[in-house]
Structure formats: structure tokens, C-alpha cells
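Following this line, the structures themselves.
First chain A sits with chain B, and in the next complex the same chain sits with chain C.
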Partner chain A sequence: MFELNSVPKAKENYKATQNACKLCSPLGASVAYKGFKGCVPLIHGSQGCATYIRRYLISHYKEPIDIASSNFTEDATIFGGDENFKLAVLNIINQYKPEIIGIASTCLSETIGDDVSLFLHHFLEKHPEIDTDFVMASTPSYQGTHIDGFHEAVSSVVKRYAQKGLSQEHVNLFPGFVSTEDLRLLKEIMADFSLEHIMMPDYSESLDNPVWDTYHRIPEGGTAKEDVVKSGSAKASIEFGTILNKGKLSGRVKSKQLSNTGAQFLKNEMDVPLVNIPMPIGITQTDAFFEELKTLSGNEIPEKYTKQRGRLVDAYVDAHKYTFGKRAVVYGEEDFVVAMAAFLDEIGIELALVATGGESGMLENEIKKYCPENKDKVVVREGYDFESIRDWSLENKPDILIGHSKGYYIARELNIPIVRVGFPVHDRVGGQRIKHLGYSGTQELFDKVVNALIDHKQSISPVGYKYM
Partner chain B sequence: MPNKIDYTNGLPDPSKLKEEILAKYPRKVAKKRSKGMVINDPAQSQEIGANIRTIPGIITQRGCTYAGCKGVVLGPTSDIINLVHGPIGCSFYAWLTRRNQTRPAEGEPNFMTYAFSTDMQDENIVFGGEAKLKDAIREAYDMFKPTSIGIFSTCPVGLIGDDVHAVARDMKAELGINIFGFSCEGYRGVSQSAGHHIANNGIFKHVVGNTERERTGKFQVNLMGEYNIGGDAFEIERIFEECGLTLLSTYSGNSTVESFAYSHTADLNMVMCHRSINYIAEMMEEKYGIPWIKVNFIGADSTAKSLRKIADYFGDEELSAKVEEVIEREQLKVKAVAAAVKPKVEGKLAMMFVGGSRAHHYQDLFTELGVRVVSAGYEFAHRDDYEGREVIPNIKIDADTRNIEDLVVSKDEENFRDDLVAKKAELEAKGYEFKEYKGMMPDMQKNSLVIDDVNHWETEKLIEFYKPDLFCAGIKEKYVVQKYGVPLKQLHSYDYGGPYAAFGGAINFYKEMERMLATDIWKLVDAPWKNEPEIVGSVTVDA
Partner chain C sequence: MSNYLKDRESQILTKGNDAAEISCDKKSLAGSVSQRACVFCGSRVVLYPIADALHVIHGPVGCASYTWDIRGSLSSGPQLHRLSFTTDLKERDVVFGGEKKLYHALIELIDKHQPKAAFVFSTCIIGVIGDDVEAVCRQVTKEKGIDVIPVMSEGFNGTKKDGYKIACGALSKLVGTNNDYTPSKYSINILGDFNLAGELWILAEYYKKLGVEIISCMTGDGRVEQIRRAHKASLNVVQCSGSIMHLAKEMKEKYDIPFMKVSYFGIEDMSEALYEVAKFFKDDEMMAKARELVTNEISKLLPALQPYRQKLEGKKAAIYVGGAFKAISLVKALRLLGMKTVVVGSQTGNAEDYKLLKDLCDEGTIIVDDSNPNELSEFVKLTGANLFIGGVKERPIAHKLGLGFCDHNHERKEALAGYVGMMNFAKEVYASVTSPVWKFVK
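Moving on, here comes the complex of A and B:
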């Protein structure tokens, strides 16, 4: 049994970040914008922001990802980025004829106080012929993480388009930052329940294109703005994640005002009922999601899913001997680790450490709420970086690491298996296609976790066992 | 697929293509872009517009000043803690992103696997981040006891007025190790090139000449502008060792700050990537009298040529004999592979848009295979890298260049090598060329299209016009180009392959070309149930 809260004292309160377990806000906004039809993201900052973020996203998605930049210059930082911004917008329109330009601000433009709304106002006065729409998200990287940027962009799109109306039959689905395969699965589930839905955002195609015989400057796919308009008259919104953009509160001095997520906005301003549940990973959380779908659609749970669920339970039983009591370190984005932890809790894994780079102040409560088996012994850390995770792991010797590619070096040093999930996964093929959600996603995760444990046991065994 | 243009009698005139490309731009933009596209004629001296700011809204390959300073020049150095002062993104995105390899000596540290950041928050932007920066430096020192720490400024730092240089001075006094700062905010220059210059200045000012070292070899050299992507430097080091050359320091691949500090004791500086490192070669010559020559170890024949040039410099019979022996032995292996690969790839068309030297150097490898380069350009180079160093005095100094400090370097009386100056004069009289770089354009064929800072739109048109068999660029371009049914070879990360430098590298590259150019996968693009099964991916654009 390891000792609780045994983080080396010297590092507990240290100020710097070594090998961060979070990315910056405009990256999240760019991903979200990619999930709206005909949208080209524009990062208002220096060109390195767009280049680095493109480079990073492309290493995960392995797809063309065009993100424009307003290419700040030294004089723009002194006199404001107005001119650069307008030129950027004109050039994007010329090249892409986009339906929407999704603007994300940066630490640079926010520090000098550029008022993009004002720029836009002046710009459109001069160019009444322009029929492109603009959406603006405030995403300085000194506030929160990439997840905050993601929610901010989704929320900005909803605020721009949603119109209040009489409640209709369709529902809104706010999945959070999930994989392209997860989005495809969710669409299939909604169809199987005969539930018309509006996915916000939907980058299942735009960030995971098939091979093309004609080049598309803006990849196909994405939720159409006409559909976002209808989100204000939905029967309900389902929103995955219970922490959402609250990480943005950390370190905030100007105001403690937190912007609404898209779903919260629809609830507060347009009376669209909100169902807020954790990401459906694991049986319990997926059950909760399916219960909601059953209620909303008035349809029974299709037999296909009952069978998937049954097979999953069966698998849990079969492989329990491999998972029970194994001690895992889980890391990544807050809502994602809550869901992953809830799943691991279900299969008898001991949550040794749950860590995130986010700082919502809520993670510990959420983990305890959704992980009944582990709630009394789990160590939860916010604002953690990989060096802290490493130090903790060296001391506490977990059996397995579960998270994205950046933790690999710790697994390697400890000689323990790592199961790659979430974002970014750039040292394996198919990182963008990992399925996490629902019974079938959980089944895949479960098999991966179990096989990683078996593989490790097999490879360290002096005997070449073929049955394990 | 439309028939390819017949290239047997030379490359086609791409004037029409250029017109088509420019037609899409607003007038002012078209004028600016026109200067960046030259229809090459090696018989003429032509001017290209380079190192000019990218037009906002056009998807560029270029990165920022911080990327050039922290990522490129200081990044591959294993014994320094590179601390990024700013919000988290910049540090995270530069965390082991470039594929610089390193092999630290036994017991020596390797900090390259770390991404240190002050992770500035809202409150640091409002109230200033210097205190947090100092804490971060103290923490890094407490944990790792490094001998040097570099501080890299990101965009907000310059704006809120944090003085990283003052912090560096204070902390250097407090901790007694070498600490220095770089004002490499992302908005500062045209591209990462500005960051290279800033990094060169910083290393020269704060590191070079700090320690002395007894002579360890008869022929002491530094290799500059070689970043050990995919193990290139290891292959070059192997060749040097066999030839009997003592490599003191490499700027900067498999490199250490420790070796930078005594690199002024070399007899010769050899410059690979002229763009990123010529500044330090120039300054070392002014201060210490060490001459520099341009070399190229990409391509087997270029490697042989460069080795002979080094041997000629030292004028030592034993060295020359050893160099010839190594060349003969290695070329035997290289030629055998080339003979097997060349018939399969000869006559194929390639284009390359990358770096500040790679787009030039890699043409040598393609020439060795008989692959034609129809179009090429750099991402962040200056006019001299295209047209040759003789144009340097004529390059207009714009505001962006003026932003970067030009160090005033004076002669180091104690360490100055009068013997090397005399040697240089003697060799020059015999026609040996020092500090000479003729640039990429004179080496390219007539009518090849040279494009600086190529963007997405231009890439589309180029592919449509030339229908190349291979496109060389980086990861950002890879999947765009491959959606057109054209394979892309990454020349930044080598697609996680390599090394491609020197003789062993040439063999690897030939085999890689065989693999990429001979693959049948593109024939599967259209499913068999489609109406036109013979089509192999067309190149139209639905805009």
C-alpha cells in the first residue's frame, strides 16, 4: 500500500512548469472551429501561434489543417493589429470563400488590448459586400488550458447563431473535446434512437477526411450554421463534462466572471433544458447517457446497445483477474480524466494518481463523486505537470499509465505499460481514431488496458507463455 | 490523369502559371508576391524578394522568432536548461518537436527532453512576471544544478516590459552559473530567421570564448548549421573521425554549451546551413581570425567535395590521403546502391520548399539519382541564400532587420590567430574560396520556378501545373499535398527516418526514394466501382 499524498514536498508548491500537462487556449478554439461547416479559423496573433498549433494538430490528426494568422509585426504590437487583421480577413475570403471566419485571440493581442469586435465593425462598414460571418472567441493562453479555448469557441458560435423558438423535437449534443471516431459513434447512436440532433462541434469529417479525388480547400463536414440557429429551439441540450471551462478561473484577476458554455447559454437565454453528464465512458456513465436518450426520444434502447452492454459486462467479468487491484496513473484534461477514472473505477483498477494541468479546483470532488470504489484513497492533483507525475510515480510505483503520448517517457523509465488515449497521440498511428465513448468505445478501451497489462506480464516473464 | 508535360528538352516556361497564381491576389499583394517568384535563368543574375513579411491571412510555412531562437539554435544543445518565459503554449509546442538527436557523454546531463516554462497566468501579465521567472530559475537550479540556463521571451514578455536580461544578470550573480536571456518574442522578425540571428548573438556574447582547451588534435574544426536531424551529425562525425579531423563543436546538433565555450580554439569553421549560422562564423573570424568555408554533407558527391576542400585547407598529405581513402571506400558502397535505385526513379520530378538551406542541399541527392527538381524555394531564407553572398551589400535593410542587434565585434588580441589569417591569404591567392556561398539559384535549371515563402494556394497551382512525383516540405504541408495523390517527404523531421547526411545518409535517402517513388498505393485512390478506373487522382480544385 502506498502512502497517501506522498508528493515530494520540495515540488509541491513550485512555481515553474516542467513538461506541461496542458496546451494553450487558441489550440482548443481552432479544433472547435473546425467542427463548423465552412469555417476557417483565424488566430489573431503572431504567425508562430498558427504555425505551432497547426504543426501540433496535424501531428495528431494527420490531415490538412489550415489555420490563418494575422501575422503580427513589431509595429502591429505597438499600434494595434487592426491593419493586419483586416488584410488577413480579406485574404482568407479571397482564397477560401468561407462561410464563417472563426477568430481566436492570443496572449499577444489580448495583452495589447486589441478590440477585435471594433475592428470587425469598421471593416464591415467599409465592405458591405462581404457575406462571410465572423465569430470571435477570447482565448489568451494565460487563462486556462486548451479546453477552455475549445468551450469558448463553441460558446461563441452558439451565441452568434442560436435563435429562440418554440421547443421542437431535436436535441443539441455538446460532446466536448472527443475524438473523430467518438463523434461518428455519437451520430450513429443518435440515429439509432431516431433523435434528430445538432452536434456542437462536429469535426468527425473535417479532421478525419477520406482520401480525395478533388481537393477541398475547406474540408467537407462540420455542423452547418443553419443548424446552430435551430439549437435555440431544441428540446434539450446534452452536455458532456461537469467541469467544462471552469479551469479558466485560475489566476484570473480582471474579473471572476466566467463565460457560459454553449449549452449553459441556451439554457439561460433560450430556456433549452440542459442535461449535464460526464463523458459516457464505462458502463455506469454510458447507462446514464442512454437513459437520457431513452427519455428524450421516447424510444426503447435499441437491442444493438443492450447487446454491446452485455458483451462489455461479460468482458469485465472475464478479465477482472487481470485488472483487479492494478494501480493506475491517469492524466489529461479534467473532464476526460473524470470519465476515464470512472471507467477504471468500475473495472477494479486502483486510481493511484489522477492528474491534470487544469486548475478548476473541482477535480477532486468530481473524481470522488464518480469513482465510488476509489474515493477514499485516490490522490488527485490539479495544476500538475509531467515532472510532478514522474516524481510521484517513481516514488509510488504504479502498474500502468493511462493518458496521451506525452507521458510515454515516464512509462519507459518505470518500465510499465502505457495506454494511449485522448489528445495528443502522435507516436502511434490512428491516434485521431481512438474510440473512447459508449459501450463499444469502452469495450475497446477495456481490451487495450487489459492487453497492455497482459503484454507487460508476458514480456517480463522468463517463460514464453502462450496462455496468460 | 492528364499527360505529363514533356521535359526531355528542358523545363517548360512557367510564365503562365505565375500569372495564374498572381491573378488571385489583390493588386498590392500580387505585386509583392511577384517578386518572390523567379523563373530561373542561371545565366543571368536575377533578384528574388526574400525575407519579406508574410502577408496576413495566407497560410504560411513560416514560424516565429521564438521558434528560430529556442527551437532551432539552442534547442539541440543538451547541457543547458532552456527556460521559456511566457504562457504555456510556446513551451509545449517546442517540446522535443524537432528531431534533433543527442548522445551526451557518459554522466553528462541531457535537458533536451524537458520543456521548462514559467507558465504565465493572468496575474503575471497584469503585475509582471519577473518574480516568477526568478523563482523558476532558482527551482531549475535546485533540481538540476545545470551549468547554464537560457531564458527565452515569448510575445507577452516584451509587451508587459519584463526585463529578462536584468533577471539573467541578477540570477547569474546569485547562483554563480551562466545565465543569459534572449529577446526573441514571436512578433519580432519576419520569420524564425530573426530568431536564428538573435540566438547567434546571444551564444557569441555569453558563451563563446568562456573557456580554453588544450589542443586535442592536429586538425581542429567546428561544424556550423548542422542540427542532427535523424542522426545526420552522427554520420558526419563518423566520417570526420575516420579522416582524422577533430570536431570541437557543432552548432547545434549533438552539441553542448560546454563545447561552444571553447570552440574559438578551432582552426576552421565549416558552415552547412548558411542562413541560420553564418552570423557566428563571421563574428568568430572577426574576433579570433578563424576562417570559414561553406560545406555541404547532403549528397555523396557533395560530401566528397566538402571533405577534399577541408583537406586542401590543411594542406597535409597524410590527411589528404586519409580523406581520399575514406571517399573511395564509402563511394563504392554508395554507387552500388545508386546503380540499383537510379533506373527506377530517373526522370521523376520533384519539388521542394523547405528551410534555409535544405531546399538547396537536397537537390544534390536528387541529381545523383537523376530526379529533376522543377521548382524549389526556401521558407525563411534571405536573398544571399538564393543569389549568393555577393548580393549582401545590396540587400535593403528594412525595419525588421534593424530590430535585431548587430553585435560590434572587436579583435581578441590574446587569442587571435594570425597564423590562420596568413594561411587564408596564402590559399586565397591560389584561388581557394573562403566565406563563399553562391546560393541556390545558380545551381538550378533554366525555367525552374523559384518561390520564396510558398503558401497553400501556390502549392495547389504548382501541383496542378507540374504534376510532380514527389514534394518535399514539412508536416504542415504533408497531408495537403498527399490529398492530391502526390507523396510528400518531410525534410524537417525526415518522416522519422534518416540519417540522410554524408555517405551512409545518401544510401538511406536513395532507398527511401525507391520506396516512395515506386509505390502503387495511389492507384487505389479511386475505388474499382467508380466509372473511370484509370484515373489516379485528379488535381482540380472545387473553389
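Moving on, here comes the complex of A and C:
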């Protein structure tokens, strides 16, 4: 029973979240599961979890995205979700005939203590005829953000399939939550280095399909489980991101043990060497990535990329005055924000505010590490929401916003440009086709940032100049 | 139709082939990938447009993130409804309870935003962790002097429809709390319009011409103060009946305010609505004004629709929307454009709605309750539909399969109500169905 006198007068740091700059964990898990061949995600919770997440993803990817739900009822909540879970599994198998059902738990199923592994065990005992595989990720929305759900699902798939073996020539690539265009670019780069690779996850096709003649219950694409098996015998893993799933620990009281990411698991359990670098956005970080590829493949960097790099440097030079000293607010997922900030740092942008809804406790360090020009003055905020970003911006008057669609209202209020990057892009077409990575992705971002600044200057100018 | 889940077969029928009535009002089948959301969603959409109230979502972050600014419900004044507030519970709150966070969040947000009332939505785990939300709401009401209303909308506790009912319960706590108001001779409440793309303002113009005062709209462009005096109206005019009928019935019992069901989509239903209201007030002058309005509008609209009709004649449409009453209007509106409805379904229709639909539709039309992507995609292929009318989740199904699409969901940016709405509807359908891009899809 709530009693007022039990409420402490001065609350320690607690503020309500206003316009959250994060999503919940099962969303990230659903995206990751879509990156494995023949996998249908199943969210073990209320119907709304699956439907809201579908709607959110569809608005970005503009694709049919089928995510099943075990559709909890009141009875399931009181007596456990066992029956609903089993019914859901049977109906998914009947409808989709999936290779894998990727299960993501929810706040509800975790709070009532559903033991999905046990449900599965009983279920498979009764149904020996079922040849569908099951992967289970623990993703209650009260732990971390969607990024943590993403890493958890990838890790669950790797743990389920990877087999230790003699080290082979192929490498594993753990790209993190990037766009479908980024994934296609990475595949092209790996091919150009003649590096056989296993991408985990790879939703470059399954979340960005061509038009269809008939409905594809499970879209093509995704990394096959046979390939994930081989990830245990890879020459090395490259994992983008340095913060990864560390945000999952915030607010924890039960187990303070952090689960491994897929790449960490392969390193710890199967001795696959791990190279951990930020997402390759900007010249410095892309150079670092290409150096790794050079080492791993034993091949020189293909001329295609040295030329791309050369043109990018040329573009930086041509437009350096437009970006220098411009004060930017950058927001989004932690690893993405680190990479984006590192790129902006090298083109002379002042990082006025770097903000995230995540709470790893590591962001400030990472930003300072990868943003040498800004390290002494940058303001970094974790656990931030959009109203805090707005309040900060109204006071500090930045020149540009760089992040996903949800910051648009702040840019509009301040009458400053916004460059849409990352996820979600709900108010433009082509969010899934934004290229962020590599020299060519950086080139596109750079042009967008410069042109946004020029466009703004032009539109507020009393003189309609037709040249720069 | 062997491709459908066995347990779903009773919720699908083809007019002319199946004698039995469609089964509906059921929980969604686990694993079926229903297009429905949950109880919370039902409550949230109904209360969302109340623009000067604080809408706080008590629970972990997801439910608030996914419902931030997602309806096209416009407000002529405050915009508080377009912000997303949550207690953002973490594991420690799940273990030790979230009441204190809720209390502090409410105090902080009420101080910051000065709302006229607050709604506190409980999401899935709130009941399970034992938070006494009602007690916190009572306490804050006492401290801050505004109504802080608990909305016990745990997602698992029924279907989206049950969420509607819970939202109606919350509204009814506000209705009747202001007696200091004298309505004009002819006054109504508009129930079940959410002012999507400014549709309420179109209707308000019509009612003004008839000399009818709108005391409150629940909940489009909604204001707490107007809802408080809603019981002073002579009549409740109910649109989206599935979502708000509970309130209309309660106001009938409690305040003896009669209600009528109307729809504002399409020429027939729009005109019928105005005539019915005029008939209710038994005022010849009002009826004459209604006739004049309808005649004026139709004489402009019909010729304007003609070129669109010529291009659309004989095309086939599939409809899958939230409420079945809307689907009924759409079938008629499509007929006006020369189009035939070959598939029609809804997330939350009831037996009465489906009976009306069955009577209205042509032989061979597929009627479906609580459908999913697999069924819908199969139906449109089977029937050779050229157009799909639905929401965000149906759009990619249509586009992937090469069908035109018209957004009739709560996110839409085009007003589709009233006579001008019928024109917009024709333009949108025409733009999508006759676009040259389809030639690359086949």
C-alpha cells in the first residue's frame, strides 16, 4: 500500500523520462533475429509488444515485418505463460515453417518468472516430430535498451550454433545495429579483400526486399545457421562497437553478471581472436577497419578504396570552412554516437552535446578517446531523453542536430537543420538505405552535413545566392 | 483455404459460400501475428487526443516510446498530448516497486507542464509487482488539486477493445464534474472522433451551419474542461462506436442523454448524420439548413468526383481497418467511386457490425475478423484486389504485392471525413491506383 510518508523528500536524481531517446530490448532482439536465415521472432509477452514493435520497424524499413506473439492472457499472467507459449510455437510452425524461432522475453514474462527453457524442454518431449530450432534471448525491457536486446539475440544465436574447430581462413563480422545499406557495403568490402566472412546478423535482404509476386512468409536472406556453426572456427572476429551491451547493467539488482556478446563468447569459449573497433565512420575509423582487413586477408587495400579515400579527403578540404566550429548535438545509441562523433570531430565540428538514452557509464570516456579535437569541452550525457536535449539546446543554441527522426521537433523549434542518420527514420523515405560506414558512407554523410549547413545559411540569407 | 490456421477458420467467411455468422470478439490466437495491439493500446488511443492532459505511462520504457506522437490527432491549442511521459522502470523498481517513482514523476511533470488533469496508464507489469497506482493517484490529486486518473490498462488483460472500455471509464470520471454551464438550445457531444488531420474542424463547420453547439468532442482536440461539462448536452453523436460506445451508454443511464450512431465517411453517411441530428432536434429550420448544406456540397462534389470515378470504375478494393463501423462506410464510399469491395475486415468489429457488412457486401466478398499478414496477402491475391485500405502495418503488404494503398489509420495526414474528405479520399485512391509505377511491378 502506497504511503506518502514512505516517499523520500529529496529523491536521488530521479526524473521522469520525457520523450525517451531509446527503445525497449525486444525491439533490438527482433531486428537481430531477422538477420538469420529462416528465423521468425517470437516475443513472449502481450500482443501489443509484438504489434508496436512491428509498427515501429515497418515505419522505418517500409517492409512487411512479421513478429509473432505468445499473446498473454490474464490466466497466463497468473498461472504462467506455458500454454500460450506452446500454442504460439505450434501456430508459427504451421504458418511459417521456420528453421529457427527466435524467442525474446518481455518485462511481463520475466517478472512472473516464466522459464521458457523449461517450457521448450517439455514441449519438445511431447513433439519429437518438430525439427524447428529454438533460440532464446532474455530481453526484459527494464534492462538496458534496444541495443542490449540486439546484442543479446546475436549472442544467443552464436551460443546455440557455433562449434569450435581448427582455425580456418574466414572471419566473423559483428556489425552492430547498422542500416541494410551498410550491411551491403560491408559485404562488398569483404569480397573486395577476398575475405570469406560470416556476418552476424545480416538483415541486408530480409529487411530490404525487392517487390514480390506472392507474399513471402519468411523473406529471403539472413545468415544461415550452418555458417554460424563455422563462426567457432574463424580466423578472427571483427566486432564494431566498444560499449556494446554494457548498458544492460544499469538499474540491475539481481545478477550483476553481464552476458558475453557473440564475439566475446567466441573469443572466451572457442579461442577466436577478437578485434574490437568503433563502427567505421569517418576517415580515422575507416582506416583502422581497413588496416585490420589488410592484416587478416594479407591483401593490399584495393585501389577502389584508396581512391574513395582520396576523394573523401578532397571533399573534406573543399568544404572544411563550412563545418569548422559549427556546434552540433549528436544523439542516439551509444556505439553509433561514438562513431558519428568521431567523424564530426575530424571535420572540425564542435561537439556541443553528445547524448544517449543508454546508461553504460562508458560513453564519456569513449567520446574523449575517439574525439581528440573535442575532448576538453564536449558535453556528454547518458540516460538523456529528448526533452532534456531540447532544454539543453534551447539554452545553448547549437547549429545543427545529427541523429534520427525523433529529434526533428527540436530542430524545428530552434529553426536549425537536422541530418537524419541511424534508426529510426520515420519521417523520410530511404532510412534503410542511408549509408554511414566506410569511405563511401562517410562521403555521403559529409555531403549531407555540409549541404544542410549551406542550405540553412542560404535559406535565412536575404540574398538568394546561387553559388556557395 | 487450407493455408489458414484451423483455429482461425471461424473468423473468416465468404459471402454466399458460408452460411454461418462470423465469429468475433475473441482474444487473438497466440502465434498468429495478429495486426491488433493490446489493452494498453486501446486505452491509449482513445485518451491520447486530450491535449491539455498529462498522459503518463507507468512501466518500463517501451510502451511510452512506441506511442510517442503517433496519432494524427490535431489540437487547436495545447500540444501536451504529443509528448511521451514514462516512469521508465528498471529492474530495481520491479523488485522494490515503482510507486515512489510514479509519485515523483507525477509531481515533477505536473509542476513542469501544468496540465488540467492527468491520466496514469498501468502497463503489463504494474499489477504483477503490486504497485498501488490508485493510491498514488489519490495522493497526487490531493496535493496538486487536479484529477489524476488511473487507467488500469495492463496489456494482457483482454483485447484492444477492453482497453477502449477502460478509457471510457476514465473519461466518465471527468464527465459531469462541472455543472456551471448553460448550453445553448441545441447542443451535442461528438463521441469517437479523434480530429485526425483536422477532421473534427470540418464537422464543426457543418454543425455550426445547422446551429448546433458542440459542447465537447471525445476526444479529438479534447479539453478537460469541455469533458467535465459534457453531461449538459442534449445528444451524443457517436462515430467510431467500437471505441466509445461504453461511454455513450453510461451517459444515457446516468444523465439520460440519448445517443445515435453515425459515420462521417462518404457522402451517404455524412449526409445521413446531419439529417439524423436535425431530425432529433425536431426543428424544421435546422432540417432546411441541413438540406441546403447537403445539396450545396453534393452538387459541387459529385461532378468533381466524376473524372476519378471514370478511372476507378470496376477496380477492386480490400479493406482492413481497426473498427468495423468505419469499414461499412468505406464500402459505400468505394461504391461511389465505382469500386467493388472484395475483402473487408477489422481488428475489433462485433457481431452486429459484421452482420451489417455481410448484408452490404456483394456475393463473394471475403469478410474477416482479427486477421494477419499471411491471410491478408492471400486474400488480396485470391481476389485480385487493386487497392488496399488499411494502416501502417498493412501498407507494406499492399506495396510488396503491387497494390495501391490508402491510409485510413490514425496516423493519416489527409482528412477523409465530410464532403471534402470524400474528395481527398477519391484523390488519394486515384493517385495510388493509377500511378505509373505499377507497370514495373507486374
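Things worth noting here:
The definition used in the following text is that the second predicted complex is superposed on the first by the 453 of 468 C-alpha atoms of A that agree within 3 Å, B and C clash if a C-alpha of one lies under 4 Å from a C-alpha of the other, contacts with A are read in each partner's own complex, and residues count from 1 in each chain.
Note that in this section a residue touches a chain if its C-beta (ideal position, glycine included) is under 8 Å from a C-beta of that chain, and two chains touch if they have at least 3 such contacts.
Everything numeric in this text was worked out from a predicted model, so none of it was measured.
Once chain A of one complex is fitted onto chain A of the other, the partner contacts of A:51 extend to both chain B and chain C. 14-20, 22-27, 42, 45-56, 58-59, 62-74, 76-77, 84-85, 87-92, 94-95, 106-108, 111-112, 140-143, 145, 209, 211-215, 217, 250-254, 357, 387, 406, 409 are the residues of chain A that lie in the contact sets of both chain B and chain C, per the superposition on chain A.
Across the interface of their complex, chain B is touched by residues 10, 14-20, 22-27, 42, 45-56, 58-59, 62-77, 84-85, 87-92, 94-97, 106-108, 111-112, 140-143, 145, 209, 211-217, 250-254, 357, 387, 406, 409 of chain A.
Chain contact summary for the complex, chain C toward chain A: residues 5, 7, 27-41, 56, 59-69, 83-96, 99-101, 103-105, 108-109, 123-125, 128-129, 131-132, 135-136, 139, 154-159, 373-374, 377-378, 381, 392-393, 395-397, 399-402, 441. Within the complex formed with chain C, the residues of chain A that make contact are 1-2, 4, 6-8, 11, 14-20, 22-27, 42, 45-56, 58-59, 62-74, 76-77, 84-85, 87-92, 94-95, 106-108, 111-112, 140-143, 145, 209, 211-215, 217, 250-254, 357, 387, 406, 409. Contacts from chain B toward chain A in the complex involve residues 24-26, 29, 53-67, 83, 86-95, 97, 113-127, 132, 135-136, 139-140, 142, 154-156, 158-160, 185-188, 191, 399-400, 403, 456-457, 460, 474-476, 478-480, 483-485, 525-526, 535, 537-543.
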